[in-house]
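Common to both upcoming complexes is chain A, partnered first by chain B, then by chain C.
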Partner chain A sequence: MNYIGKEIKRKIDPRLIRGDGRYIADLNIPGTLSAAFLRSPHAHARIKEINLEQARKLSGVTAVFGPGDGKDFPFLPVLFPHPKLVPVTQRPLDFIVHHVGEPVAMVIAENRYIAEDALDLITVEYEQLPAVAHLDDAIKEDAPLAHQQLESNIAAHFQQSIGDAKEAMKDAPIVVNHRFKIGRVSCLPIETRGLLAKWDFKGPEPELEVYAATQSQHEMRSILSKLLKTPEHNIRVAAPDVGGAFGAKAIFYVEDFLVVWAAKQVKAPVRWIEDRMEHMMSCIHEREQYHEATLGVSEDGKIIAVIDKMLANNGAYVPWGIIVPIMTSTLIPGPYKVPNYFCDAKVLYTNTVPMAPFRGAGRPQAALILNRLLDQAAAKLNIDPVEIRRRNLIQENEFPYRTGLLSRDGSPQIYDSGDYPKVLDEAVKLSDYYEWRKKQKEYRQNGKYIGIGVATAIENTGFGSFEGATVRIEETGEITVLTSAATQGQGHETTFAQIAAEVFDMPIEKVTVREGDTKLITYGTGTFASRMGVIVGTSVFKAAEKIKEKALQIAGEKFNVKREELQVKNGYVFKTDEPAIRISLGELAHEAKGIFPGTTYPYNVQPGLEVTEYFAPKAASITGMTDIAVVEVDPDSCAIKVLEYTSIHDNGKLLNPLVVKGQVHGGISNGIGNALYEEIVYDNQGQLLTSTLMDYLVPSSCEVPEMKIGHVETPSPLNPLGAKGAGESGTIPVPAVIQSAVEDALRAWNIKVENIPVKPAHLKDLMRKAKEPAEIIL
Partner chain B sequence: MKPAVFDYHSPADLEEALRLLDEFGYDAKIMSGGQSLIPMMNMRLARPQVIIDINNISELSYIQVTDSVIKIGGLTRHYQVEESKEIERVCPLLTEGMKLIGHSQIRSRGTIGGSIVHADPTAELPVMMTLLGAEFTLASPDGKRTVTTDEFFLTYLTTTIDMNEILVSIDIPIPSTRTGYAIDEFTLRKGDFAIVLAAASVTLSEDGTIASASLCLGGVDGVPVLLEEVTEGMIGQVPSTELIAESCEQIADLVEPEPDIHASSEYRKDLCITYAKRVLERAAERAALL
Partner chain C sequence: MTQSNSKEITLTVNGKQYTTSVEPRMLLSDVLRDELGLTGTHVGCEHGICGACTITMDGRPVRSCLVFGVQANQAEIRTVEGLAEPDGSLHPLQEAFWEKHGLQCGFCTPGVLMSACHFLEQNPNPSREEIREGISGNLCRCTGYQNIVDAVEMAAEMLNKNKKSEEETSDLEIVHSGRKVEV
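What follows is the complex of A and B.
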């Protein structure tokens, strides 16, 4: 392998670092108007009166739209329907608002300043309705209803099970419990949401161009087509440079519909750029779940049964079904052998921002449950936390491993490949785990409290249904790769180029990757679920292989030699034992077009050196990871400092280790935010208390620790590259490992750390309630 | 997140600035470093009709150190104080405290006068000024007046400054030679506004006993709080961990901090005690070395 698996720097970086990126806000289309939204200050209310007249009169305002204009607007579609789900989707500019921040009116004006001035002139009379925001309130019998038309706040109630956990638990000699209160977070890409819509009415049919900061241009096109009753072939959706997404931009939002609809009404291009406060109060959130979990183990620490009760906050609507709690419920067993498992999950509507998958998507929650239960069991049995994990991990020779659960698509959950014990061992080695255990004892004697946390987790990556790629040999001899992916900083332009460069054995500089545009390729689904490397990567590989074969066949016919006697390298097809007999790929591309119009095409293959391949994987490829963190907690202030962080990942065959390392790095930083700093807070009336980055604490470079990162490569048998996803895995074990480490640091106080994020104020409360530090016997 | 319409003036000297301020009165807002005002305007929490940008008034930017006093112009940037060798020599507390303000980007733009007039009770400058006994000179078209920190800070984000006044100068008395200082704060992230901020000074007599001591806390009330009750009992005693710890225990009864999403009232009290002990101990150690 000359290109695949090599640490190649990302092509995109110099341009972005120089500030030459082109985002939605940078597009310069003459006559573009700006949109701004008036947003509900109430969590649940009916709009009794709304007066738009003063706003409409303001100089520079083109149009103002309110609920009266939206009476015929459709509901957003239900994505990922589920038999147990009572779906409620959002309707743009409805007369009833269901969370703070929901759009109530829209202003279209010359610029954003004037548009915001106009917002100030709109008066609304609301009839406030009872609101519910917190999980513990929403589940109560007499709870206010998040949606008046529903009978309860339960959006879905479902179970998962393996064996008979309740029965098995009765016989377990050791039973431990742990509760989890996992807070809500924002995806928080640096570039907020935004789109620009432009209609063209001059052609035979109205045509729509949408430039959007999106993870899924094809999905967006498909939804717009349905909502606007405009055929897909008259809609183009393109994503220019996109500054991060993490799930936030996989969703279709009411603002997307409204901006496109408004552009049609005012017959001018309309752009909307979300500001940060809008982002906090209207762009999807994730993570919020409560769990009460029980683990039964044998005297030697083997898992007998796991029972989990889950409450998941869903927010006000279901933009992406109930994927997140389903994911959590199916991944609690994770890398461990769990013969008996039962999970009862209730998903609840509340008057808060909707929840949908954010980097990790339900898996960080899942990773917490069993890892933290094993911590409790290890303490009870006086076994080292690493050792109890080792005793329960699925072994290398047990793959493909059938868990006994169903996947999120309803098929049996099968882990394709992995080597979890090796991943754990590598992490123990790289982190100097046993050395730290020794130091921990010494430090404790000096009044310094350090804790060591360990967590092993998995991720199911590279879900279907499919993606595609077109590979074309240009007459310049260069290769063009067009894919159905969208990139928000993942480095696709480099990784996919490496795959094509590998097939043709030619310099990567000669390969150009283009994506994020529905005009490039007919079908696609989008960038989410750590699936691009696996699915688009395989599509690129297969298309490149096919086009290489075609080039060889044309060359064979031209030279009148057998295909087996030819090979491709550095832009030429040549005879292996007579390299002077050769033709460049560029010339072959020219030949494949036919020499002159009107002449007879001489080859026995179809004209053109271009192939499109779609790849639909049979199942998810499973990655594995073990993280080990060393933290210090100051018992006076409860300030938490991460001293060392080690992470070993098995992301299958690495296409570009540098890119994967960056993903793991970014994922862990994201996880540190989730574990220690970030939390979206609502009061019990659904008022958002964290609408700015002064209140919502994102870690900066000062808070993110140095990391030791390593890899184990177990190729996936499910695709020819052996690849597994890598975009999200960094985030997954971090909350578990940090919570574990903090609890370990404060072992002397014998407190149970149940919250995520782990906050000093909360720790201090727990310590205040606990007794004086006790002597530690380990 | 775009500001409402405003008129903009950029006077070249103090006289012109004061004239504009007199003309527009409450409709006007002085802009210096803009580190608090601009975000507030962008969120439309502040909607001044007139902005008087004083960044061109170079006469307001200076640091002068005499035998008895440090004089700092209102427009002096944080980093200029932070990096001043002369200030470090005569008042190391200021140097230490300046480094706790935000991040370097904020310190390169933010001004001393701006932060003091903004009067955030969790900010470092109001606490340091209170501890050090600084005096502020306010200029108006009618002349100048000088006020103490006690007179100046009224409550959260509120000072005695009149609508036609500009804070032009800060005078900080240079402390006696055997005085040790310390400042420390608890933040959740580096550079955040402090949850609790503590600054202390300890002056030792020839015989090693405490001649005087002060402790000032931020983040516990609407203004910086000088806790004389804590320090007066220490006078005449030899500083020790036990003495300081004992003196600080009463803080829990002396302050009643407001809770917020990041810290309960109880937790803030705990932090007050922890940080008060730390800065008093450090200040006493430093005094002993002088």
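What follows is the complex of A and C.
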């Protein structure tokens, strides 16, 4: 391979490092007005009265809209229905608000300064309703209802089962338990949400153009089409440059509808750029779950049964259904052989920001459960934590592996390929694990508390249903690739160019990739679930192969030689044993349109050197990873320092190792935030206590450790590239590995670390309650 | 914005002088972006934490979201658009960020580049730890910082090499002109 698998510098960078990006806030469309939202200060309230008149009178204000204008607005669609789900979706500008930060009114003005002035002039009289925010409150019998029309706060109650876990647990000689209290986090892209909507009323029908910081322009178009009752061909959604997303921009929000609707009302382009406080109080959160889990193992450490009881907070609405807890419940067994498994999950509504997938999407929680239970079992059996994992991993020769569970789409969960023992071994090697175990004892003798954590996990990547790509040979001889993807930093313009370059055996400089725009390709789904490399990559590959064949056929007919005698390289089709007989791809693109207009088309294939291919994978490709962390905990301050961090990933065949490594780095740093620093906190009345970046701690370059990354490549049999997703796998093992390492460091106190994030104050509390430190037990 | 309340300011940005009329409450980040059309400076939090809007003002890095435009009257400002040479050739930091995959979505990048640029002026031979400290005022959500540190390390080497070759060149000139010949 000349291009696929090579560390090629990104094509997009020269533009971005000069400051020439085109993010939503940068677009300069004359006459664009600014939108701002008045947001609810209450977690649950009815709007009794709202006065918009003073705001409307302010000079520079074009329009002010409130609940009275929204009486006919539709509810947002239920995107991921589930038989066990009682769905409640959001309705724009409703008279009842269900979380702090929900939009109550909208101002359209000349600029954002005036729009915010106008917000100050709006008066609202609220009737406060009882609110519920915390999981342990929401589950109570007499809990306030997050939605008054519901009978309880339970959005869904479901189970997952393999074998008979309760029965098997009775016979297990060793049984260990662990509880988990996993906090809530924000996706927090550095670019907040943003949207610019522009209507054109001069055509035969009103036409809408939306520029959005979105991960899925096609989904947004589809939802807008339904909500506005406007056919998709009259709507264009484009995502120019998007400044990170991580899940935050995969959701369709009420603001997206309102900005588009308002632009139609005021007959001018309207832009809304979310500010950071709005982001914290209205853009999706994730992770919050409580678990009580039990593991039964044999005397030699083999897993007999796992039982988990889960409570998952879903916030006030279910914009993406109950995908996150389903993902957690189906991935707790992960890379391990679990003959008996039972999970009972209750998903609860609360008066807080809705939960939907953030990078990792329920899987970091899943990775915590069994890895941490195995830690407990290893300690009880006096086995090394690496060894107990080794004894339970699915072996290379057991693929395809049926777990006995159903996937989130109801099909049997089958792992396609992997080599988990090798991934674990590589991590042990790269991290100097056994060396650190020795050093740990030495450090202890010097009064230093070092802990080592290990976690092995998987990610099901490259979910369907489909994506597509158009590949075209231009008359300039260049290749154009148009895809249904959207990029928010993943380097698609380079990796997809590498795929086309490989097929045509020509430099990637001659390949241009365009995406993030519904006008480029008819159908698409979006960038989420680590699926672009796998699904769009395969579409590009298939389309390029097909168009290459067509070019060869035209050339064959032109030269009157067999297709087998021809090959393609560096922009030419030529006869293998007589290279002087050749034609450039550009000339072929011209030939494919006929010699000149008005002549008879001479070839036995359809005109045009362009083809569109959609790829719908049969199942998810399974990425595997093992992380090992070494931490030091100061027993006085409980400050935690990550001394070393190692991560080995099996992302299948790597399309561009430079880009994949970057994805893994980023994922781990999100995981470090998740594990040690970041937490969205509500009080029990649903007041948000972390609405700025001074309260919500995002790790900086001083907190994220140096990372040692390695790769094992087990190609996926599910796609011709052998690729597996790489976008999220970095985040997944981190909370498990950090919690494990911290507990290991403080083993002398015999405490159980149950919280995520692991915070010094909480550790201090546990240590105070624990007995005096025991003698060195290692 | 009501004209009556506005104040005229003159500022030099990337060597070019601008005179514009702004409301006293308008943030420098908004003046740069909305009044002067320099959208390379990005706004990520507007409360001084994320560092995306970092520029240099009279030679010192500042968060342009924490400065009012009127405070920048008569100031000398440099933004990401002023990093590359007028002929378009990239600044060593930009080269290094490209080479080392020091950016992904690119939204925080202009701020990181401006912080790093000032940092390397202050500390031309930094350790990795010092680099981490030096860019710790800029949040990046994509890269995990490791490649950014690699890039700043590489840029430091490039800048030092350039400086050395400049010195050598000027040495040669001195000898060549014969003005400084030791007797």
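Definition applied: the second predicted complex is superposed on the first by the 775 of 778 C-alpha atoms of A that agree within 3 Å, B and C clash if a C-alpha of one lies under 4 Å from a C-alpha of the other, contacts with A are read in each partner's own complex, and residues count from 1 in each chain.
As a working rule, a contact is a pair of C-beta atoms (placed from the backbone, for glycine too) under 8 Å apart; a residue touches a chain by one contact, two chains touch by 3 or more.
Keep in mind it's a predicted model, so treat the numbers as computed, not measured.
Once the two complexes are laid over each other on the shared chain, residue contacts for A:276 go to chain B and to chain C alike.
With both complexes superposed, C is the one of chain B and chain C in contact with more chain A residues.
After overlaying the two complexes on the shared chain, residue contacts for A:113 are found with chain B and with chain C alike. In the superposition on chain A, contact of A:637 is made with chain B only, not with chain C. Within the superposed three-chain model, A:689 lies in touch with chain B and out of touch with chain C [touch as defined at top]. Once chain A of one complex is fitted onto chain A of the other, the partner contacts of A:25 are limited to chain C, with no touch recorded for chain B. By the touch criterion defined above, A:665 lies against chain C but remains apart from chain B after alignment on the C-alpha atoms of chain A.
Once the two complexes are laid over each other on the shared chain, residue contacts for A:702 go to chain B and to chain C alike. Of the two partner chains, chain B is the only one that A:760 touches; chain C does not reach it. The interface of chain A with chain B overlaps its interface with chain C at residues 113, 275-276, 692, 694, 700, 702. Residues 1-5, 43-44, 186, 188-193, 261-264, 266-267, 270-271, 274-275 of chain B are the ones that touch chain A when the two sit in their complex. Of all the residues in chain A, the ones that touch chain B in their complex are 112-113, 116-117, 120, 275-277, 636-637, 639, 677, 681, 689-690, 692, 694-695, 697, 699-700, 702-703, 759-761, 764-765, 768.
Contact residues on chain A toward chain C in their complex (touch as defined above): 9-10, 12-14, 16-21, 23, 25-26, 28, 59-60, 110-111, 113-114, 188-192, 241-246, 273, 275-276, 488-491, 658-659, 661-662, 665-670, 692-694, 698, 700-702, 704, 706-707, 730. Touching chain A in their complex are the following residues of chain C: 1-2, 23, 25-26, 33-34, 37-47, 49-50, 52, 79-81, 83-84, 90, 94, 97-99, 101, 103-110, 113, 128, 131-133, 135-149.
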